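The next part holds the structures, each set out as structure tokens.
In the two complexes below, subunit A is the common chain; its partner is subunit B in one and subunit C in the other.
This part shows the complex of A and B:
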């Protein structure tokens, strides 16, 4: 190929139009997965931190007088890890893009910004799967948790739906973080309240009634319920369905929010604010 | 001959570096100093941490509310102690201001300890906030005569965590990602120091390790005082916590001196 023809070739190959969006999403997801897997902070958030919380919960369970199974805590701690990676990953990635001066080019690129963000948040949520695997293996090895899944297929389906729903919830958070310069502070504060009110380690019945409507709006509530039902026994179809409904809601809200904040950030020239 | 700057006595110079230098470094290097960062990170997160573990204890049917309130309200001082001190020392390297500072003839002890004072005050504020919200939301009521003793236990534990944070910060003179080390240390202390889990439930090796860490003895003293056991019962643990804190501060100073010397030789201060 001559030098002229080489220069004339587009940098990004344009495929059939229907495949352009999935390709953008898939590329963003994979790129994010590779980046996050090499970040010491994310590995800590996804691996070490959930193991510590799982150990605390399981030790307390063994010392206490309640009889919730250890698997109950292992699964809850796993979702805690996914939530942490989402909440820090979404806020952190956008701050980092802004810090690197990449946020403006991403917003200005022809690919819809919402797809770029969605790839980032889904990739981040997928990294959180480390947590799920780690807490299950840790619970089995160290605490002797029984890893007999009542319905393995439904369990896998519940894992996939939960990760996607958390990634979509991350999209809602991430789109808000674009405008907020102190997003890492909000990330720092958002971990514990969501862990608490979504019943990841504490049954919802122990929490005050006014927290329940909030819990029902958050995907981790339904995700962990579906996972527990599929693993320990129970009906996982209803929580799975609610998780999907919540995901659809997050997607619509995320698309709207991204559009609004993108326009506002362009109008006020706040995209590159440090 | 008169110079541009009037000479000061070594004592004045020491305290100037200690107080003014410490304050300036806190303002310059503590990430979370603005209210937008400080309130969610140093007050919001600890509040939810206390609530989370109190409810976790209730769910597991282990310990009393006071067990988790005292454990967590004292433990949250380590947030300022560990992260604050890591920032106060290690960030000099990140911001490339370490070489100019170490080129000055300032007393290293003043330079080093002065950074701990604002962090210690911040740690005390966080603890106080933790106890206040626990009193308001969770009905925490310590015995009144033991309140001064509890305050002393909190002060000593905050100082001890600051000493531990100094050691981690000193490591930041050499290690690139010292915040990873700080994060691991912070979360491990939740498990090892009797904050959420009675120390007696830990394996022997971890129990021995816990004795060498800050928080362990301070929390034990705090729990004894909150239960109305009396100051004399808690005193041995307060003294042990002080000893642990002094040991970590001494280790931190030695580490700082070592890394300064080796950094001068290898030119590692400017490597990011």
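This part shows the complex of A and C:
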């Protein structure tokens, strides 16, 4: 350690702080993605489970001579995988950051904590893309699913919007995970009900009417509808729009929650693991 | 963002009547609420450019105090200001002006390289993108990690991790630095380098609050020291002022084997003996006996130790550690 070395003063960014927020968010997203992409557990969660569900759904489709194409089921399984990654990822990542002693330095940084947390949840949702890719390739290789997309550009847009909306939903969940040390228990409870309610396992029309309002509040409902419409054919613009509306709602709710939760975490001393 | 302090006061840190209570619950079926008072009304003032030591046993409230100063905990009562800014009302402004370096293995992204760890935090501290690389290289050079920056942190030794903590704390050149046991678990050579760096930073005008369990570290580094015990400041002053508090004492160190509890009790009962502290190292017992107005203390101790294998017994001048022990063990 060259203790006598002189440090030149650092140069800080000029201009209004909000101008730097996109860059801060992008950096957080990149490093989160980099870390999670190296995590064997996350990759396996994102890869293996969706393949099992995709296989069951596609085998069922072939055996039952259903009219919907295999791609329909592959996409549903893919979104299931992204959702699992978001739910487990947000819970796991926050707990992991707490265990690693990272929550404190992150909260202590002057950047808004909501940006830090959003980078984490968006990175997590992006890792979920493994699921989408894996189920499509699996369906094509093993079950002979036709990967012809009715509207490739809209499909890509739907993937991006769905991942962003799930990342934003992760922000809403993630804020509660900052506050409670046993947040993994909450995430375990959330995985299956959301699969069911949002029409990823069975079409919404088969579910009781009282579940529909809840489904409409959840981004995966609109995301999978937009993806299926862009891939198989149909109107993907409306579900895409609703997905964006839901995302905006999650963002506003997330900003408010993070502010409340950060204050409560400082009040109740839940940022570290001691 | 500017690194210059916004307030004009000569004080960098002002703590008045700080209290912090933790609320917790116990029991499975019958939940019972518990309240633990970690900090009970402390007052501290640290001048700009001062190197201030906060000493105390585990659980005394040192880390809680630092966490409040670092805006990580809200005080239950009292006011806390850093460079004139309130840590509750102006938390974000305070965060720009402070650096927190804590000891231990945690607090770094293991799967990222040292460079990426710093790169991420440089972004969070709003460093100018075009200056990032240069600044990161500077701090890496300063802490002696230059050339190792591309390696993943998971392969780093404890000393290297500690250096990386330091680098992160210095990245944004904060005028106020909090060091929470920065040499804990670091090998002697590494610890000496960390101490040298802390001293250099203090000389360059930084205000530093340091907590440590190593008394010689506090003695050699700090301008002023506060001793905290059971959540309260029990003494405050320069190291020499604190040592003066025990200057009337005689301290005898004994290295022996096989001292039983009854012998220790008899030592404590000797006239003038203020405290008897014992540490066990390998097979040996290391005793530090402090006494006031005690004539012939060495001889009287040797009488009590008859039949015990005594390897060494020697009287010496009281040190800061003796002053500390006297303060934190006082009833």
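Everything that follows uses one rule, which is that the second predicted complex is superposed on the first by the 254 of 274 C-alpha atoms of A that agree within 3 Å, B and C clash if a C-alpha of one lies under 4 Å from a C-alpha of the other, contacts with A are read in each partner's own complex, and residues count from 1 in each chain.
The rule is simple: a residue touches a chain if its C-beta (ideal position, glycine included) is under 8 Å from a C-beta of that chain, and two chains touch if they have at least 3 such contacts.
Because the structure is a prediction, the values reported are computed rather than measured.
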{"item": "First (subunit B), second (subunit C), both or neither touched by A:52", "value": "first"}
{"item": "First (subunit B), second (subunit C), both or neither touched by A:203", "value": "first"}
{"item": "Partner chain in contact with A:260 - subunit B first, subunit C second, else both or neither", "value": "neither"}
{"item": "Touching partner for A:185 - first (subunit B), second (subunit C), both, neither", "value": "first"}
{"item": "First (subunit B), second (subunit C), both or neither touched by A:195", "value": "first"}
{"item": "Touching partner for A:64 - first (subunit B), second (subunit C), both, neither", "value": "first"}
{"item": "Subunit A positions touched by subunit B in one structure and by subunit C in the second", "value": "none"}
{"item": "Partner subunit A, residues of subunit B touching it in the complex", "value": "32, 34, 36-37, 39-41, 44-45, 48-49, 51-52, 55-63, 177, 179-180, 183-184, 187-188, 190-191, 196-198, 201-202"}
{"item": "Subunit A - residues contacting subunit B, complex", "value": "40-41, 44, 48-49, 52, 55-57, 59-66, 68, 181-182, 184-186, 188-189, 191-193, 195-196, 201-203, 206-207"}
{"item": "Residue ranges of subunit A in contact with subunit C within the complex", "value": "1-5, 7-14, 17, 20, 23-24, 27-28, 31, 34-35, 38-39, 99-102, 104-111, 116, 263, 266-269, 271"}
{"item": "Interfacial residue positions of subunit C with respect to subunit A in the complex", "value": "1-3, 22-23, 67, 70-74, 92, 95-96, 98, 100, 102, 104, 106-112, 116, 119-121, 123-131, 134-135, 138-139, 141-144, 163, 168, 170-173, 190, 193-194, 196-197, 199-200"}
